[in-house]
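Same chain, two partners: subunit A is paired with subunit B first, then with subunit C.
Entry: the complex of A and B
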């Protein structure tokens, strides 16, 4: 309890206090401004841009990430037994890599002049875009990197969910004359729904917290095309000129947003999840 | 049963969030202030008798850090009154965050290294002992003008320039030869630069140059063209209240830099210091803008001959020179005169010729004392003969016009000073993108940047109105 109080509650109270003050970068001068920083944020284009980036980022990573994970898990669960441990390991490896290392790897791949992706595209006569430095492509490029790193974790969870499903359900469906696709559609997916809910909740939260890849790949640029709320909190609070009051206010709004989204998820999924 | 499962899922979710939070804090190398790292060093007891222990926090990683350690060891072995305990704190941002946390926790170090743009903020901490208070009469004159004046206010020298660097153009000598180009004139302007580009590209090289869209090159080429960044003499005769970079020279300089990329003379690699290296080393670009502190790395890592040239200036200006970059050592007031004196003794030791030679030859950062340039030691002369790129770097700074013809200070090359300078540098990065990817003209992008920069200045200055 004491530990919680020191490391969780006190920082929350402290950052709430900071969010109501304008704090000088060196911490020795504070001006109380009440809710002024909140109103400034809520009326600024930059803040809403950052919110939108966070949301696009969620929409880009969560459905694709989980969809891919389920497909791969299904493939892995089919009996190529002799190879599957190797496959699983290969799929899981990216999870162990830190986001910073993954970011550096993708940076090399995306380099418009000497990067591998555009070199390969060039071999097919395609003039690849400048992935990280055009507003059209930057967010997509970062999304791909995050989906890739998160994929292994999602696959493993989905695979565990699949293995929970008793064979007798499949046998019954087979007897009823269901084909492979029907079995996936009417047996696997409904019985997998608690796992899927878990994955959605986790992935949504992870997507809102995406930081490492953004920092390494784009630093929020070009312009602010990939600056999500977390990155904005970091830049305002810890880099260069430190606007810690403003960063705290953003952090609070971010927390509210994540709580709101999580609440909607549980409400929305409650009726659709089947617990075996 | 259903409810229990929901609760379990929820619990698992929160556990993971907590884990994820912890992870992003720990994994990131540029954030996370850490008061905890401050504590152990600061509480180390003096090892022997009356010796005073001085805590020295620096941001020099790897090879650079090894040279720092070597110098600290040399100092500790040279006398027995003071023991310096050097601690690597991470990046400049990390070090600064740790410093701020230590102010709150009461574990502040005695000496801290902080970078050029943070100068105004360091002044404003109110926790410094200005160097001039501890210097002997006339001691400040022993320093080179540029590093001395950069870190001075109207009372004198405040911090000690430690690792000083400036921007420079590195070029692929073989490509220059193939294009029929000689060593660029030190006084070359934008037109000369573009002429060279044409020759280089005509000889079959894809890109004439490469550079990151960082704020630094804009600041430096603006200074070289004699333009001011801030009002009030670049924020040096009074607090800067407005930026000046969206007028006159600023627009010409920004037009040139964005034009290099827009016209295909340079690839758009974004806000980077590393992707440009890959392009240069891969032989896709003939020139690269970078820091003089990279001289050794470029020389050693390229499989072609690397030579160096001065940075260019605008067509409508004379060459002014460069602003000192890098970082300085700041003396934090411990409240105890003897301790402050001990800390200063170490700082002074670091500026003596022997240490400066080790530092310069080991890292590429400049020697900051005048005597070495006026009368180099034989060791240094040999080093310079073997490493002409280091000499270009020094010459570029030595020939900088820090004083105008009428004897007044040339504020353009003394460099801008403002509290939110780091924030404003970031705004310039976004201005690049507004031009290259957002359809703005350089003038429009700079005007928008100026508006945001002025807001940042007003917000910072509000702490000092009253």
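Entry: the complex of A and C
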């Protein structure tokens, strides 16, 4: 209790206070500046770039990550008798990999000269780009790494959701003459919707918090092409000249953004989620 | 098991007749095996490439990346990673940090979960609301003030600094409370009548009955702590206090200039080895635990 109070609740207040104050460039005097830092952020192009990166990043990771996970889970839900443990093992394994290690592994795969991705592309006669140093490819490259690290978790949740669906629904649909796709469309997906809602909410939060892969793969670059809000909080708060107030203000806006998006999802999905 | 699964099999075999799974022969399963195995290999490729690279000598890696798939294998990358940077120290730091966090989170969660599930005390609901509410506070909101607090206490670059903010886990308290509440209250009353103390009841009856949930929580805590990145990155700046995750970051930054990808992959393999071992040993509990927390949510 005490730990939670000190390290979770008190910091919220402190965070708000920091975001309203600016530390003088020389010395440690804190100057109360009210909402100054917020207006500064909201009128700066850099801040909106970071917001956009966060949003692109969410749009890139969440639908693809969950779509892949549902397809794989559908395939895995077919009870093969032998070797199923091996398939599961190979597919679930990213769940234990840290963001730092994922970043390092992908940095090697993306290496423009001796990396495996460009070597494989070369085998097909394709000249792979310099993934991490090209503005257009860097965000895509980081997105792939984060989708990969999340995949094991998402498949496990989707599979558990599929296994909750009672067989009788499928039998009834079959009696009514529904084909495979009809059954997936009208039986599986609606009955899976509570699980999908959970996956969407969790993945959106995770995508907004992506940090390790970005730090290791691109450090927010090239330029600021992959600098999302969390990375910007880190840069402003901890690298070089420190602007803790500015960083806190961004953290606050980020938190509001995450909570706002989650709230909209709950409201928007509530009418469409079917509880079996 | 069901029609849809039979259809999936049909889809992947491109046959027009659906085969009831109960009668499926090993031969009929083969295409699905192939599809799943291919997906599995694609998914684990980054890990497989890293491990193979770590056992191939640097000259061969740089001459032809595909040479990692064939012998001769070598340990030289591990030797050079281990001697170039204090990986041993990083691993010990990580084990201490992870050990403290895991033991504390599990113990606190058992005690608090028990209190919230069994005792009726004034303010219980308010306290539980505070615990639950903290689950919804985004991490980025708390970490700058926590950093300032820990630094002002002089705990930067110490084990206290690495662990104390994470000693309690609201998720763990919630998870075990739900689990303890599911056990019949009659059991508690009966134990009381037989003269068991609360302490005895908790450790001798409840904990053994909740082995599954507690081991899942232990695995979660272990993985969460071992894989932490942002916090140890900002709270340590001395090499001797870095955790394995932070160690590999700086090691990569240094070695990349020397193109020593063999050593970097050896380092990455060392860092992920403990979690891979946990995965191999406890895959079932881990998967069950994740599935359980997903269905509750």
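We take it that the second predicted complex is superposed on the first by the 269 of 276 C-alpha atoms of A that agree within 3 Å, B and C clash if a C-alpha of one lies under 4 Å from a C-alpha of the other, contacts with A are read in each partner's own complex, and residues count from 1 in each chain.
Please note the rule applied: a residue touches a chain if its C-beta (ideal position, glycine included) is under 8 Å from a C-beta of that chain, and two chains touch if they have at least 3 such contacts.
Because the structure is a prediction, the values reported are computed rather than measured.
On the superposed subunit A, the two partners subunit B and subunit C do not both fit; they clash. Once the two complexes are laid over each other on the shared chain, residue contacts for A:184 go to subunit C alone; subunit B is not touched. Of the two partner chains placed by superposition, subunit B and subunit C are both touched by A:98. In the superposition on chain A, A:47 contacts neither subunit B nor subunit C.
By the touch criterion defined above, A:38 reaches neither subunit B nor subunit C. In the superposed model, A:224 makes contact with subunit B only, not with subunit C.
Shared-chain residue A:107: touches subunit B and subunit C both.
In the superposed model, A:198 makes contact with both subunit B and subunit C.
In the superposed model, A:119 lies in contact with subunit C only, and not with subunit B. Put subunit B and subunit C next to each other and count what each touches on subunit A; the higher total goes to C. Steric collision with subunit B, judged by C-alpha atoms after aligning on chain A, is confined to one stretch of subunit C among 2-10, 38-46, 92-100 or 146-154, namely 146-154.
Subunit A residues 98-100, 107-108, 111, 114, 198, 202, 205, 209, 211-212, 215, 230, 234, 238 lie at the interface with subunit B in one structure and with subunit C in the other.
For subunit A in complex with subunit C, the touching residues are 1, 3-12, 14-15, 18, 72, 74-83, 86-109, 111, 114-116, 119, 148, 151-153, 156-157, 159-161, 164, 167, 170-171, 173-174, 180, 183-184, 187-188, 195, 198-199, 202, 205, 209, 211-212, 215-216, 229-230, 233-234, 237-238, 244, 247-248, 251-252, 254-255, 258-259.
Those residues of subunit A whose C-beta lies close enough to touch subunit B in the complex are 22, 24-29, 31, 98-100, 107-108, 111-114, 130, 132-135, 194, 197-198, 201-202, 205-206, 209, 211-212, 215, 218-219, 221-225, 230, 234-235, 238-243, 262, 266, 270, 275. Of all residues in subunit C, only 1-12, 21, 26, 29, 32-33, 35-37, 39-41, 43-44, 46-47, 49-50, 53, 61-62, 65-66, 108, 112, 127, 130-131, 134, 136-149, 164-165, 167-168, 170, 223, 226-230, 233-234, 245-246, 248-249, 252, 261, 264-265, 267-268, 271-272, 275-276, 278-279, 283, 286-287, 290-292, 294-295, 297 touch subunit A in the complex they form. For subunit B in complex with subunit A, the touching residues are 1-2, 5-6, 9-10, 12-13, 16-17, 20-21, 24, 27-33, 93, 97, 100, 103-104, 117, 121-122, 124-126, 206-207, 267-271, 274-275, 278-279, 282, 284-285, 419-423, 425-426, 429-430, 433-434, 436-438, 456, 459-460, 462-463.
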